[in-house]
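As written, the chains take the letters A, B, C and D, and residue 1 is the first residue of each chain.
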Amino acid sequence: MSIFIDQGTRLLVQGITGRDGSFHTRQMIGYGTKVVAGVTPGKGGRLFDGVVPVFDTVADAVRDTRANAAVIYVPAAVAASAVYEAADAGLGLIVCITEGIPVLDMTKVLPYLHERGARLIGPNCPGLISPAQSKVGIIPGNICTPGRVGVVSRSGTLTYEIVHQLSTHGFGQSTCVGIGGDPLIGTHFTHCLSAFQADPETDAVVMIGEIGGTDEQQAAEFVAKGMTKPVIGFIAGQTAPPGRRMGHAGAIISGSSGTAAEKMAAFARAGISVMKRPADVAPLLRERL
Amino acid sequence: MSIFIDQGTRLLVQGITGRDGSFHTRQMIGYGTKVVAGVTPGKGGRLFDGVVPVFDTVADAVRDTRANAAVIYVPAAVAASAVYEAADAGLGLIVCITEGIPVLDMTKVLPYLHERGARLIGPNCPGLISPAQSKVGIIPGNICTPGRVGVVSRSGTLTYEIVHQLSTHGFGQSTCVGIGGDPLIGTHFTHCLSAFQADPETDAVVMIGEIGGTDEQQAAEFVAKGMTKPVIGFIAGQTAPPGRRMGHAGAIISGSSGTAAEKMAAFARAGISVMKRPADVAPLLRERL
Amino acid sequence: MNLHEYQARDILRRYGIPIPDGDVAESPAEARAVAQRLGGKVVVKAQVHAGGRGKAGGVQLAANADEAAAHASRILGMTIKGLTVHKVLVTPAADIASESYVGIIVDRASQRPVLMVSAAGGIDIEEVAATTPERIHRVAIDPRYGLLSHQALGLALRLYRDVGQARGAAGIMGNLYAACYAVGASLVEINPLVATPDGKILALDAKMVIDDNELDRRPEIAALRDASAEAPSEVQAREAGLTFIKLDGSVGCCVNGAGLAMATMDLVQYYGGAPANFLDIGGSSNPQKVVAALRIITADPHVKAILFNIFGGITRCDDVANGIVQATQQFPLHVPLVIRLTGTNEAEAVRILTAAGFSALTDMDEAVQQAVAQAGGAVGGGAA
Amino acid sequence: MNLHEYQARDILRRYGIPIPDGDVAESPAEARAVAQRLGGKVVVKAQVHAGGRGKAGGVQLAANADEAAAHASRILGMTIKGLTVHKVLVTPAADIASESYVGIIVDRASQRPVLMVSAAGGIDIEEVAATTPERIHRVAIDPRYGLLSHQALGLALRLYRDVGQARGAAGIMGNLYAACYAVGASLVEINPLVATPDGKILALDAKMVIDDNELDRRPEIAALRDASAEAPSEVQAREAGLTFIKLDGSVGCCVNGAGLAMATMDLVQYYGGAPANFLDIGGSSNPQKVVAALRIITADPHVKAILFNIFGGITRCDDVANGIVQATQQFPLHVPLVIRLTGTNEAEAVRILTAAGFSALTDMDEAVQQAVAQAGGAVGGGAA
């Protein structure tokens, strides 16, 4: 099994004819993801690569193809609109890869999703992958192997690094989820931890956080109270100077609660094994499993 | 018994120190309504008429007095704001007497109430009265008598006329509700009919509609499907020329569905006894009870 | 409050909606000047708060400025549905490839503003709604989020296959929605929205109705009211704080509350009479309002009897009685007065009226029957 | 993007917030002219993107225009936290009865903008939050409805007992919220909001941070960027589409992805080195970005070794390799280069680098250790 996506995922790609959208759609199809529809306004009626029907609107696509998840590759200027459209069409899982959605837009997008019970992953995230089942987003399929470790991360390439370590050392993954580094995101560590805890085919979870915000502390609280499966944690940004941005808008240290030291301490208190560097992940997992 | 208000109603008056608010607060207290608090920003700490504590905000008033209903007499310019404040403070029943709230304001007020499960009666309504128990609003107490007929109406003075007919002919009332004549209102005929149907101390309902909208048709449908108690109906505006406003913004005939003839026909089809004039109410009730 | 087409155009243009050039004229000379400035063919359109102005000859195509002046001279002063035309709008005659309809109205059923579009524009949209409802596409807008881009584009794609044109139309819809909330409109329509042969999307005609409840907080919109375009008695009534609508009967009615006022008119008809008007003096009962009401009612030569029907609640019966007495001291009534009063301060009112030589009834049916009789009896077809 | 106080003032004034007169000056003569126009006592304030300018002597009271010019001459050119002051704001010295704080920030926890107020204004609000949190009152705003009047008034009544002043402050909060969404601010603060002895409410200082993601759609706000007020290397990086932050170490880092970049810096420290910078080349891997990155890193004389850490996903390793080769053709590096590349098009990248005389590693730990060693070894306190 897996969380959020599996072989039953019928994916719709918003922005399928764009540069990023078309590239990654081919990657996803190549990996085995069931891409059932694409949406680009004005290009309805065409076939993408001769196989995937393209529609003008998400509503049209859902009606004709029974898509149950969307991934968004459209430019930042129209990405919030794409999320609204996917939610309005009744899709329950929406993965937004696009980076650069203004945070004030997200303050309105999130309640809209909440009212409809839709799950958003991202924005500004690499998406997720359930190895050998389905890949939604941009995580390179070749670094992943099927297995029983869940991975959840605020980062992109750092996730790849750690997944690579896992695969190299024989730890396959149930699902890897990149939740995104923006200040306002749809799916938090706690949602993923809860799903991994409930997934009978996940034995342990690797959680990759970074400086800024208090999501990791909330996750630690959740682990302490509600998780029986082992959790290994990492926090990027130990050397970040206070008060400076480190690329992710999320990485602004707000008081001491956002520092790496505080987060690592919260992890330790909650019984989470704390990695000092990415290469620690396999040894720590071996200890806990 | 009664619907919406009874002896347990602990009323808060928004705009208690205003001209209308102070006048009607005295009337309500005189009738026996438990007025537990008043709100006028800047006048917090005073006592109205030496007995009712006045607060700056509804939240303060609710915290200190456990008020469970609000009635609003503030000017139109601040009436929508008063409704928001009452709902935000957790009040479950809000009666807005004020006339003149822009309909576009109401398009936002209504979902706010809905999200909080609060019932709004009005705006632009005379309020409601459960004779000998509680009066919230401006319906003259002296024309009402306690009894077992429920009254629900879109009109103000026409309601008084019909209640007067009922009392004169020996039909007391369980509750009389004026739902207001505006295009967008919080409580509709169907809500009141449903409550009256469930109220063991209501035996029959008098429903007073007017031209405009399709509320009466929906009410007729509800009666046909869900009501076992007899309903007597009246529609004002049989002589209104099509397409002209008759004072209530609600009384714009939109297509044939808003005409008096169409509404009276819908009533008749649903088994509602249709009055031709206010004086018909007592004879028709006598027939049905 | 209805706005004229030229006023609605100005507002929509301010909100970024593409609208052809043009200007309003109050004389043939002004119309000629506007047409000269515009050059080429122009359309001269009556500015009047009534539908069907086209059928009434209030919209004319002119090949040049002289023709525009000639049309203006014919249209200005024309009467359409009882209203005199005082202004014309002169605009360039646009080349049109297709005509659509776009409108926003607050819908009572969904309690939301509804955006409606139809590719069958340029004609009476109510006709389209009645005969081919499937040609009207609509979306209820959640005002907490506003009109979302995908909603607008989804509807626009029903009007235009070309995605560039659809985006243009969707942008116009977004601006129309913004204008709606910004000026407090209960109805806004663009009919027709046209595509020109070179692919541009333009609003050729605009209609806007402002919610009267918005006017207090929007003085700049309230200032657009054109009293010359309304019936004088209704202007007079509004200024006195009354709601008045002129009808064709002989029984003048003065009532407190819109519902009771309609029920009173209905009862006049029930007893065989015909109401001369709808008149609601409203909740408060300032005697001056009663004086104003009587002045308006008595100005109608068809009125043969006047009926007061007052159920006192907020309205105090003594205030109404004082108003009646004051009015009769200021001007003669010439017609009989039937007064029904009950409720708040009824006894005091009866005392005041009796002292002034009037009698007062307490039963509504009785009062209406008397008024109908005094106005000359049943006009035929009555029920009683 | 940070705005200067004078820019934030202009925006807030445009949104109806009462702000004292005043103007920006870039020379003592200009400051004298502004002070002369204003008359009376003035305050001369350094316009710089750094906190604590008061303590640094960047805010001075002047009794007259000559004093204003003298203060301006001292403040202009002053360095505050590494940033040079190029502009001063000259405003009238206001009489102050009380000072409050009002701010709006988007809160990650509630996922909403939060309006915060405190009667303890005029001083460092973070200090107040840390020591007397009960003196800060806040309300999370539901952006679907906006800031509701009763929410603003409820907070304003915490600042002012007088309901007139509270209404004034509530109005300012409403305008502040509107400005926030209108310009795309992630933070707006008025500190202090003052009551004058005659009871008026004024915003004396304003701070505004714009969400960088808003700039594309708000060119008029993006145009407010003052590159002269930022570190030149960061300006250069931003213009090349890179995220760069200068630090104090000797290992120059060039990484794709912010998280991996931070983890790389952490690993440099873990192995006893010190990172010279944070540099994220982002998702796309245009060779020109790599050239620009190398140009910026090599400009820092403290850099003793350069570390590339690329995990190819969207980023193509061959693009990065090409960038490295192009850079070395354009300018000399002078310091050793350690390259770690893995993922998309890794083999092609290795071929390109090898052909150009570079070697490439695939293990992150190995690469970091080599870079630390080449930069002169552990600086002490390292873990390995």
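The working rule: a contact is a pair of C-beta atoms (placed from the backbone, for glycine too) under 8 Å apart; a residue touches a chain by one contact, two chains touch by 3 or more.
On a predicted model such as this, the values are computed, not experimentally measured, just so you know.
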- In contact with chain A as well as chain D, sorted by label, we have C
- Interface with more contacting C-beta pairs, comparing B-C to B-D: B-C
- Query: Once you find the CA centre of chain A and the CA centre of chain B, what distance in Å lies between them?
  - Reply: 51
- Query: Approximately how many whole Å separate the CA-defined centres of chain B and chain C?
  - Reply: 28
- Between chain A and chain C, centroid-to-centroid distance (C-alpha), Å: 55
- Touching two or more other chains, which residues of chain C qualify? 144-145
- For chain B, what residues touch not just one other chain but two or more? 108
- Connecting every touching chain pair, does the picture come out as line, ring, star, complete or other? other
- Note on the structure: In contact, pair by pair, are chains A-C, A-D, B-C, B-D, C-D
- In their complex, what parts of chain B are in touch with chain C? 20, 76-77, 99-104, 106-108, 110-111, 126, 138-140, 143, 153-161, 164, 181, 183-184, 208, 210-211, 213-215, 234, 236-241, 244-251, 255, 260, 276-279
- Task: Would you mind writing out the residues of chain D in touch with chain C in their complex?
- Result: 144-145
- Touching residues on chain B, where the partner in the complex is chain D: 41-42, 56-59, 78, 81-82, 84-85, 88, 108, 112
- Note on the structure: chain B partner, complex, touching residues on chain C are 106, 108-109, 111-113, 126, 129-130, 142-144, 180-181, 184, 186, 211-214, 216-217, 243, 245, 247, 255-263, 265-270, 275, 278, 280, 283, 311-315, 342-344, 364-365, 383
- Touching chain B in the complex, chain D uses residues 145, 148-151, 153-154, 157, 162-164, 166-167
